[in-house]
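This is the structure, below, for whatever I ask next.
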Amino acid sequence: MIVRSTSSWLRLLFVWHGSVLPRIMPRLLLVFFISIAAAAVRGWWLSEHADSALSIPAFTLMGVSLAIFLGFRNSVSYERFWEARKLWGSLLIVNRSLARQALSLAPDNADARRLIDGCCAFAYALKAQLRGDDAEAHLRRLLPEEILDKALAGRFKPALILAWLGQLTARMHRDGALSDMQWHALDRNLNSLSEVLGGCERIASTPIPFTYRVLLNRTVTVYSLLLPAGLVTSIGWLTPAIAVFIAYTYLALEVIGEELEEPFGKEGNDLPLSALCHGIESSLREMQGEDVAAPAPEPRGIYLY
Amino acid sequence: MIVRSTSSWLRLLFVWHGSVLPRIMPRLLLVFFISIAAAAVRGWWLSEHADSALSIPAFTLMGVSLAIFLGFRNSVSYERFWEARKLWGSLLIVNRSLARQALSLAPDNADARRLIDGCCAFAYALKAQLRGDDAEAHLRRLLPEEILDKALAGRFKPALILAWLGQLTARMHRDGALSDMQWHALDRNLNSLSEVLGGCERIASTPIPFTYRVLLNRTVTVYSLLLPAGLVTSIGWLTPAIAVFIAYTYLALEVIGEELEEPFGKEGNDLPLSALCHGIESSLREMQGEDVAAPAPEPRGIYLY
Amino acid sequence: MIVRSTSSWLRLLFVWHGSVLPRIMPRLLLVFFISIAAAAVRGWWLSEHADSALSIPAFTLMGVSLAIFLGFRNSVSYERFWEARKLWGSLLIVNRSLARQALSLAPDNADARRLIDGCCAFAYALKAQLRGDDAEAHLRRLLPEEILDKALAGRFKPALILAWLGQLTARMHRDGALSDMQWHALDRNLNSLSEVLGGCERIASTPIPFTYRVLLNRTVTVYSLLLPAGLVTSIGWLTPAIAVFIAYTYLALEVIGEELEEPFGKEGNDLPLSALCHGIESSLREMQGEDVAAPAPEPRGIYLY
Amino acid sequence: MIVRSTSSWLRLLFVWHGSVLPRIMPRLLLVFFISIAAAAVRGWWLSEHADSALSIPAFTLMGVSLAIFLGFRNSVSYERFWEARKLWGSLLIVNRSLARQALSLAPDNADARRLIDGCCAFAYALKAQLRGDDAEAHLRRLLPEEILDKALAGRFKPALILAWLGQLTARMHRDGALSDMQWHALDRNLNSLSEVLGGCERIASTPIPFTYRVLLNRTVTVYSLLLPAGLVTSIGWLTPAIAVFIAYTYLALEVIGEELEEPFGKEGNDLPLSALCHGIESSLREMQGEDVAAPAPEPRGIYLY
Amino acid sequence: MIVRSTSSWLRLLFVWHGSVLPRIMPRLLLVFFISIAAAAVRGWWLSEHADSALSIPAFTLMGVSLAIFLGFRNSVSYERFWEARKLWGSLLIVNRSLARQALSLAPDNADARRLIDGCCAFAYALKAQLRGDDAEAHLRRLLPEEILDKALAGRFKPALILAWLGQLTARMHRDGALSDMQWHALDRNLNSLSEVLGGCERIASTPIPFTYRVLLNRTVTVYSLLLPAGLVTSIGWLTPAIAVFIAYTYLALEVIGEELEEPFGKEGNDLPLSALCHGIESSLREMQGEDVAAPAPEPRGIYLY
């Protein structure tokens, strides 16, 4: 995610958006060279094969499936991105609610404090699972002996931490720190954490069906590479500039879709999970009247990760 | 679902996506031969019937309904696929919550252990009902005597297992292992299992209205078969290549829609229900500190089932 | 809803979909005869009024509103159909949950059995209200004396049955068969039945705003009838075939929208409410270890009702 | 909302839909006279300024923004209409649930009866607030002394009635007519009434952003008025008929959007709030075994209000 | 948000919408001067480079990505705006429910009164956080000593106030003013406030992915600046008027998207947070039978802020 943004149209026109351009450059260059070649042979071709030339209307026929594929891929990818963002928003919301409940119902209880630490650990462990990162430093800092080893060794780390949070609340209930109804109020929020976890796992483990990627890539690539041949009959030496620009908009749209499809990565347009985890811990610590022990993640260039 | 995916545009261009191409090949061949024929008779036709030739603009009129049908079918099919995936995500979420509650509230209770086994059995039984599979091996492994025969003989197996889970929790409540409120917390999650079951049954039993399939098939097929006649007047001997490519994008879009419409099947783009069931049991067993007894399903080629 | 479906493109091309074609036949014939007439007078008209001829591009201007109207009508109608299906899915889900609760909490209670019968009666009464049917036979079979007369005479039958289910659960609570919390668990599911009822009533009583139907009908009809005049200048004697085919896709799309808009009817694409009611009772009876007393509804031809 | 509707395409072609046509007539007449003028001067203009004539393709460029504006306005307006309908559907659902709970839990309690009267009063007060109507007659009929004056004088009438319903349930709880859990079950439904109220207020107080209305009006109007100049070069004296018809579809689409955007008004396509209020009271009275005291609202012509 | 709106098409045609036009004026002027230049050199260019001229069909190829970008940006921005509005609607709904519960359950309790004041303070603090405003005056007016300093100094002010509301309800429960279940009913509504807070923070902190803004700006700007060259070959000296109008609709659509994307700002189309806060306090005070202490915010011109 970007840190600061500009809204000047002139600067946006010339800004370098590093996560997209390098990936489409090979195809753009191909379009450029085909355009040059097409403009060069145009005169000869039209005199020899006047009745067999691609023209712009032929491209409008391809445009229907192109529009469907690109529009579909685009909205599905963005919905995945936004659903992922909502799930991480939920994580903040539910963690705050759990902290509010623990702090108001059992202000001086040691398990209540462990519960809040555990909520923070859950966020770091979820980030680590989604990114294939290592969360050991954070887990060592935040989890007590009774769960630490199991959590470090486990395959579904956040699920194990969540199960342990359930044991904490059951223990607080057995110890008399929580009434029946208060246990229920916390348990409902643990259910919500389970929904956040399962939702993120679902997005991470289920890509857009493979056939869509194949079809979209083929349609966009073939369309772009044929474009110079279609344009050259009517716009001549303007072809290289116009064909490259049109191909750029299609190819960039395809690539941004690929990036947003997996929103938990570390590319420029992905969700800043490190910053989100830090924000969650900061807010919970402020509610406890404390400072967060870990430093805030630094942006790299204009992007947060 | 695919196991590993590539994002190289060049490899995607030439990959063989086996679940789609064979089903559209007959129509693609038809388009190819019509194109050859059209290119061959073009000169004669235009000299005889100059005022009766299909041209590209005539196809833009058909394009409106084609775009509506394809776009609609595509998004409805994908929504069905994604809703099915969400329901199976919910199944994991709710099963984990039930296991968390059982393990923290009644850690040493025999019925609590039966409850977790029953949650796994519910998943396998649901898979079997949706795919027309046989889940007997898993049910024999996971269910106790008191319900096994009834579950094996029943028509709505998952519903019978769910009813039995209700009896388990009611028994735990009567035995004093669960308070009133704790029974309620488990009962709410059983309601959620009922929602997952009913949601999957709804998707499996209600296809997209028949008329849509008829209309879409007719529009796409007629459009594709007329395409060579429309293109040949302006692009001549380029027709076979271009017409087959355009027809390919439309027909593939129709076929992927058909595959996603029934997401519980065993085709390449369907949901990997076997892997999902195994993942659910793995996660629950890990919470219990155990290993899963059944082996993980093997991918066939690049696809998981 | 259709019973068995085929996915062969060739058979779909020639299948007779009886609920749509008869309703658009008059307009299709009109388009056919106008096409013949247009092709016949073309030569004379173009020589006399060369500067006043409809051509294909003029239709692309009408295409914008046509696409908006057809696309909008189509998705709104399908959403109504699918929401209705979801509500009936909910009915199954909630009835199963109520049966599970009744059977596990009060297995030998006479009122618990009445509750399950009442849930089935609610489904039949809802079907009758939505279709303007008569549910007397089912209600006599399922309801006890205390509510039968009131339910048969009432205007909002399902609402009366639901209110009586509330009295049943309150009586079970007063008799000590249900604890406070257990009464609450059943009461929440009764609230859900109320949502199903109100949702179905909303769809049945609120059609798509009248102006849309007027506008869509006018646009589609005028467009179809003008089509031959626009096509004839460029495609000559191919006009009758092409014009009728294009008009067919638009008119069929309009008519399928009309059918799906009111999903509780008895046409081919409507929801099979009789089968759904029977499925609900079957599943509940199986949970009780009994058979359903009423026979399953027979499909008529390829359709279930 | 319309009372009875027809599905004959022929009658829909000539029906007079009174709430739309009068508002677009001035612009339609303008388009008609511009068409006549354009057809009259065409010959002279084309001979003088052959290189400066609008033609149909120029309009396809405007078509992109026109389609986006109209499509967007249309779906947003319809969603507002349908959300409003859902909220009023919820009102019926929740009121029925409250009545069911009151009648089953405290059948002979005077406050339970007041509660049901209060639910009806809430509906009438909400209608009055949304329409700027006067609900005094209904409130006098339905509310007791203790709240009547406050409700009649207040600015947020439904909110005051809702607060009083909260006092009623708290009083029933203090009097022992409701247990803790039963009070909670009613309180949850009062929360739902609060959601209905807030949702309706949100729709009523937040129109579609002003800039959209300005942009849509300008695009549609300029497009319509230029249309004759663009069509006349190719279709000559057919221009008046075709241009007026195309403009009619666009302008009508704009105006129906404006009507649906504010669904609580009294125009033909608005929600029939009076009928809905009466339906709610009828259903609640039937549950009490009584008749509704107020007469049903009469339709005006074919419309219900 | 606008205060009063007009629906006369004639006045909307000439209204000055101040928040959009100034931001697109530079590009509109550029389009105008390019149009003049293009019309001036047309004759010379066409005679020298007849085979290299942009024409209208070339723009329809760019139109596909333009339509996808504009349509996508438009609907995403509006959804953000509307979701933000729904969250603020929820704030009113939940605050009213909390006030209803406090007033009916503990009418004379000092903490109940503090709770209602705190709900109002939460709204003002949320507005201040979202706008970067200062809420000190309101917080001093509404919060008691025990929380005031912490709230004024904190970074996440609304979260701190919410945690304190949790302590208030826990205190009322410990003091015996609320039963277990009643504490739970209030706690659920505090969870909902947490959802409103987290939802607003999510919208405010996560802009639309940067690459979309870059791509949309480039496509719209390049398309607009090339437009005169494409139009001039067919419409000559009409180009300046038509090109500026078409560019106006695209550029305005881009800019309105940017404004709605961040709905918590102080521009003409943003949400009137000050008015919403005042409305919330007014409604709560009326329920208490009091007047609101702060004056209502004044509209500036035709806009509310």
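Going in written order, the chains are labelled A, B, C, D and E, and every chain counts its residues from 1.
In this section, a contact is a pair of C-beta atoms (placed from the backbone, for glycine too) under 8 Å apart; a residue touches a chain by one contact, two chains touch by 3 or more.
This is a predicted model, so every value here is computed, not measured.
Distance between chain centres (mean CA atoms), chain D to chain E: 23 Å.
Centre-to-centre spacing of chain A and chain C amounts to 38 Å, using the average Cα coordinate of each chain. Each of residues 57, 60, 66-67, 71, 180-181, 184 in chain E touches at least two other chains. In terms of inter-chain touching, the protein chains here make up one closed cycle, each touching precisely two others. Neighbouring chains touch in a ring; in the direction leading from chain A to chain E, they appear as A, E, D, C, B.
The touching residues of chain D, when paired with chain C in their complex, are 1-2, 5, 7, 9, 12-13, 15, 17, 19-20, 42, 56-57, 59-60, 63, 66-67, 70-71, 74-75, 78, 81, 85-86, 89-90, 92-94, 96-97, 99-101, 103-105, 179-182, 184-185, 189, 227, 231, 234-238, 242, 245-246, 249-250, 252-253, 256, 259-260, 268-269, 282-283, 286-287, 289. On the chain A side of its complex with chain B, the touching residues are 26-27, 49, 51-55, 57-58, 60-62, 64-69, 71-72, 76, 150, 154-156, 159-160, 162-163, 166-167, 169-170, 180-181, 183-184, 187-188, 190-191, 194-195, 197-199, 201-202, 206-207, 209-215, 217-219, 221-222, 258.
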